[in-house]
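Look at the two complexes coming up: chain A is in both, with chain B in one and chain C in the other.
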Partner chain A sequence: MMRRLVLFVPLVLFAVMALLFKVMIGHDPTELDLARKGQALPDFTLTDLQNPEQRWTQADLLGKPYLLNVWATWCPSCRAEHPVLVDLAQREGVRIVGLNYKDDRAAAQQWLVKLGDPYALTLFDEEGRFGLDLGVYGAPETYVVDAQGTLLYRHVGVVTQDVWRNTLAPLLNGPAGGSQ
Partner chain B sequence: MMAAWLMRAAAMQLMRVGLILGFTLALSVHAAVEVYDFTSDEGYARYQSLTYELRCPKCQNQNIADSNADIAKDLRREVHRLIEEGQSDDQIVDYMVTRYGDFVRYKPPFNTATLILWVGPAVLALCGVGGLFWLGRRRRQRQIPNETSLSQDEQARLDDLLSDHESKK
Partner chain C sequence: MILPELGHWALILAFGIAILLATVPLIGAWLGDRLWMGVARPFAVAQMLMISAAFAALSLSFLTDDFSVKYVAGNSNTLLPWYYKLSAVWGGHEGSLLLWALILSGWTLAVALLSRSLPEEMVARVLGVMGIVNVGFLSFILFTSNPFLRLLTNTPTDGGDLNPLLQDIGLIMHPPLLYMGYVGFSVAFAFAIAALLGGQLDAAWARWSRPWTTVAWAFLTVGIALGSWWAYYELGWGGWWFWDPVENASLMPWLAGTALMHSLAVTEKRGLFKSWTVLLAIFAFSLSLLGTFLVRSGILTSVHAFAADPARGEFVLMLLLITIGGSLTLYALRAPAVKSRISFSERSRETFMLVNNIILVVATLTVLGGTLFPLAAEYFGKEVSVGAPYFNLMFMVLAPALVIFLGVGLSSQWKDTRPGVLLKQVPLLAVVSVPVAFVIPLWMGELTFSAVLGMFLASWLIMATVRDVQHKCGSRGWRVGWLKTTRSFKGMVLGHLGLAVLIIGATLVSNYTVEKDVRMTPGDAHTLGDWVFRFDKMDHLQGPNYLSDQGHFTVETTEGKVVGQLHPEKRRYVVSGNMMTEAGIMAGLWRDLYISLGEKLPGDEVWAVRLHVKPFVRWLWLGGLLMALGGTLAVMDKRYRFRRSKPAPQPEVSSSDASSAALPGETS
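Up next, the complex of A and B:
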């Protein structure tokens, strides 16, 4: 009897491995979980990209849910996702706040003139200090923030129509996202 | 004709060597690291050990002391700033964990998410040792019948056979 059972050991091992692989496949190990998930957006005081005299704080963004998109002119993937953001803002009226991260002000302004400006407003984080407080570790990153300023989710990498439809939109418009 | 071909081949070879040299130089230049001033030697020592045990979020398998990624530079800058502000090692590690999660620590804390990391090897070792014992016991059990007495029937039959053998002689 015992010896019969031993024969099943390879099968069981195989099943365990197969299950493990199924869980891990499609999981990107370079993608970090958002450490501040469920917490409030960290405090900041940053100038507006277009108008250095204008200062924004986290309180100015409250009231409506929005996407916080981290971008820079030195980031090729940001260029790839830019048309998608423009499309989302223009056709679907999505509220997107830009966070221009460790960039050159003039170059960033140029970029928006040339490629279109999908942002309700753009924060200028020259040294990346606010980015560091958020937990940004590369661009592009897109955060879903609800009307109360709570961080719901972070998408690392390019936002595509698929990512928007399947991941971001449900969070932004869902019950936790409030209004709309 | 032949000479021209030789010349061209030699020129190509030189270019190749030049390219390799160029790449090597470029790489070594990149490895430069910024310099920070510390008000105390102790602060410098702490900077060294902290940047050694904090992990770079972008490059995954390097600590922030070794990594040349932009984010690693920023984190080194922060470690320096926090040390100079008089924060303790624990406070600085907490500061990083709040922003980047337990991932940034090369010494992960003991909690439900890291349970398998801490307990896994011990469990595997126990399974291995247990398996060895089990195998050993089975082998011993299998050998016992060979050495010990036969059942009464068997003994009688053996005696019978042996006596047959004796009588035939």
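Up next, the complex of A and C:
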């Protein structure tokens, strides 16, 4: 009888997994809702990735709308996304602020040397505190922030030309984003 | 044109036929009605004809640029060359599902045609179970992902273009091969379910499903190798495995399939591990379905992900519940729960194969866990990302264990190995492998732990295989002895050597790749290792659907002898605006020279260029091909060809065990 019960183990494990799928199915990872939507960017004081002496706070970023891109060298999708960001920065002059998330400073610096640096500046969030305040789910993520430092939108996952054209660009250049 | 409608009708007809195939033969087998069982084969043929017609209709819509079909408009473009138009058929979600169904019908047809020697009941059940799976997939296509939907009111004049990443020869072949593997496991699955339904889990069942499993496994191996090769040259950063959820989705059935293939061998030869083998057959195909689910439900983010659609996700979950849940329930109720009376000692080949089976299953679960853990963590409100470090660490532990036991297993015998034999054989493997493990890394460059370990394992495996061949050849001498061995033995040898070659490739390319990022302008030269890379000039070309900056590089040895020309490109696809890097690669058995163009830097024709020298990288895919070749050879064994005339031989089972297997319900 015991041996017969053992044969039920795979079924039970599968049931648990199916339950997990069931509860997670409704959510679309690329469109997580943003708890802080319409609110100001959370406070932070972070060092610059390239220059550990340089400290940035949210006040330094005000004045022009920008994309806040969360990335890390441990994230393969970030690598796939990177050429798009470089292209946006170079070709269209988009202002992108990098948030290097839970990463190694030297590795991240080297990454930018190798793959090109699309960022106006890169914040170094080694322990992920700011990421936690912001509600970062994983890398890559890209936030649209307007000139007053208000969070307008979050995109989870890789930014492609399509995402830029159809979603991010209208927000960044739109009435809320563009009003300076 | 009415062509898409014809395709749509063919698909609906195929759906109807699949429903008949999924019900009539199974009821016939239950009632013992020969007429009802007999319709399975004609239905399998009709189903294949209808799905082929649907697939042909969709292909023709692509070739004729019929942008009134929504799926064509979204995935093709007039500027595409004809062969990419054809491969665009499976470039998106809907079409790739249709390919899935086509391949499933193809496997069903193959089973129908090549099963003359099987009992009628078994054929009816196997084809019926495959029909059930196809009903699931065809309903998924028809109700949520129909590729024949039209855009009649505002037909676009041109299409949105195929994702440039997919405009490549590797990607023409990759999905069909991968699906041949995924779907091929449905045969072993169907045999397992049929055996559970019939209550006849004997060695004959294992014997029938073995060649099918091996063929599917060989296809999957080539498919995965091709995917890795494609990522290597197309993504432009010289990596070959990324532990991306979609890659994991193909690795899991491969690992489970590898375990199944070996477990089937034990079940066929010795009548052991019956319940375990059936479970693995269910497991391998379930993971193939799960892979399809993970990619399409949008619950995991991935570079490969198709568009997320909750309705589709719900539908696939239902399908999974029915197929996997149903088969596991059947397994729990019907699998033999009695302890086998066939004995084997702890020094027998059975023991070592069981250990390696468990290691392979643990590896599969490790990948499954790593892939699903972020999802579970998210449910509990935590943010977790499981990346390459986790998977690499796990495989650095599991792969050595697997290879060590594989070497010991090859030195052992069925039932029992005489005491002392292993103690004599195994140290011999180590005596040869330890020096190799140090000499090769020293010769390549720096001595690192992973390089020493990798070379030790490769040498261990090769030595054990060679010793096994020597043992098999006996006193006949190498040449005559080798020719006398069966094809399935040769296949096994080739497969294991393929694994060794793969390990060598992975170890050396991970440890001894040299890369350099440089700023170059035409006329510059850079030295990397033993090679000089000279940047001759930059061309600006127009491709069929892209604009390209093409670099011309000459590679010379440090003595000044020209080795060849490389042409890395940076392409801008006009319709979608996507940028693509096409690496310039000079392939070689001992090393690849690899150049990828970075971005254009300020100044006249100043470019960021990345130079790589990748030793032994080809061995990765060569190893995969050898493994697949081994599988192919094993299937060509004589005993499979003559099975028509001879009844399946009885395995070495005691009579009490055979009767208990036939009546599993009464044994627990």
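Observations, loosely collected:
Note that in this section the second predicted complex is superposed on the first by the 148 of 180 C-alpha atoms of A that agree within 3 Å, B and C clash if a C-alpha of one lies under 4 Å from a C-alpha of the other, contacts with A are read in each partner's own complex, and residues count from 1 in each chain.
FYI, contacts are C-beta pairs under 8 Å (C-beta built on N, C-alpha and C of every residue); 3 or more make two chains touch, one makes a residue touch a chain.
None of these values were measured; they are calculated from a predicted model.
Legend: residue contacts after superposition of the two complexes on their common chain; A:Leu134 is shown touching chain B, with no touch to chain C.
Comparing chain B with chain C, more residues of chain A are touched by C. Once the two complexes are laid over each other on the shared chain, residue contacts for A:Gln58 go to neither chain B nor chain C.
When both complexes are overlaid on chain A, the residue A:Val156 reaches chain C alone and has no touch with chain B. Within chain A, the residues touching chain B in one complex and chain C in the other are 29-30, 136-138. Considering their complex, residues 235, 237, 242-244, 275, 279, 282-283, 286, 293, 297-303, 308, 310, 313-314, 317, 320-321, 324-325, 328-329, 331-332, 335, 337-339, 372, 374-376, 378-379, 383-385, 387-389, 517, 576-579, 581, 598-599, 608, 610, 668 of chain C touch chain A.
Considering their complex, residues 1, 3-4, 6-8, 10-11, 14-15, 17-18, 20-30, 74-77, 79-80, 83-84, 86-87, 90, 113-116, 136-139, 156-158, 160-162, 165 of chain A touch chain C. Residues 29-30, 32-36, 102, 128, 132-138 of chain A touch chain B in their complex. By the touch criterion stated above, chain B contacts chain A in their complex at residues 57-58, 60, 70-71, 74-75, 78, 97-101, 103.
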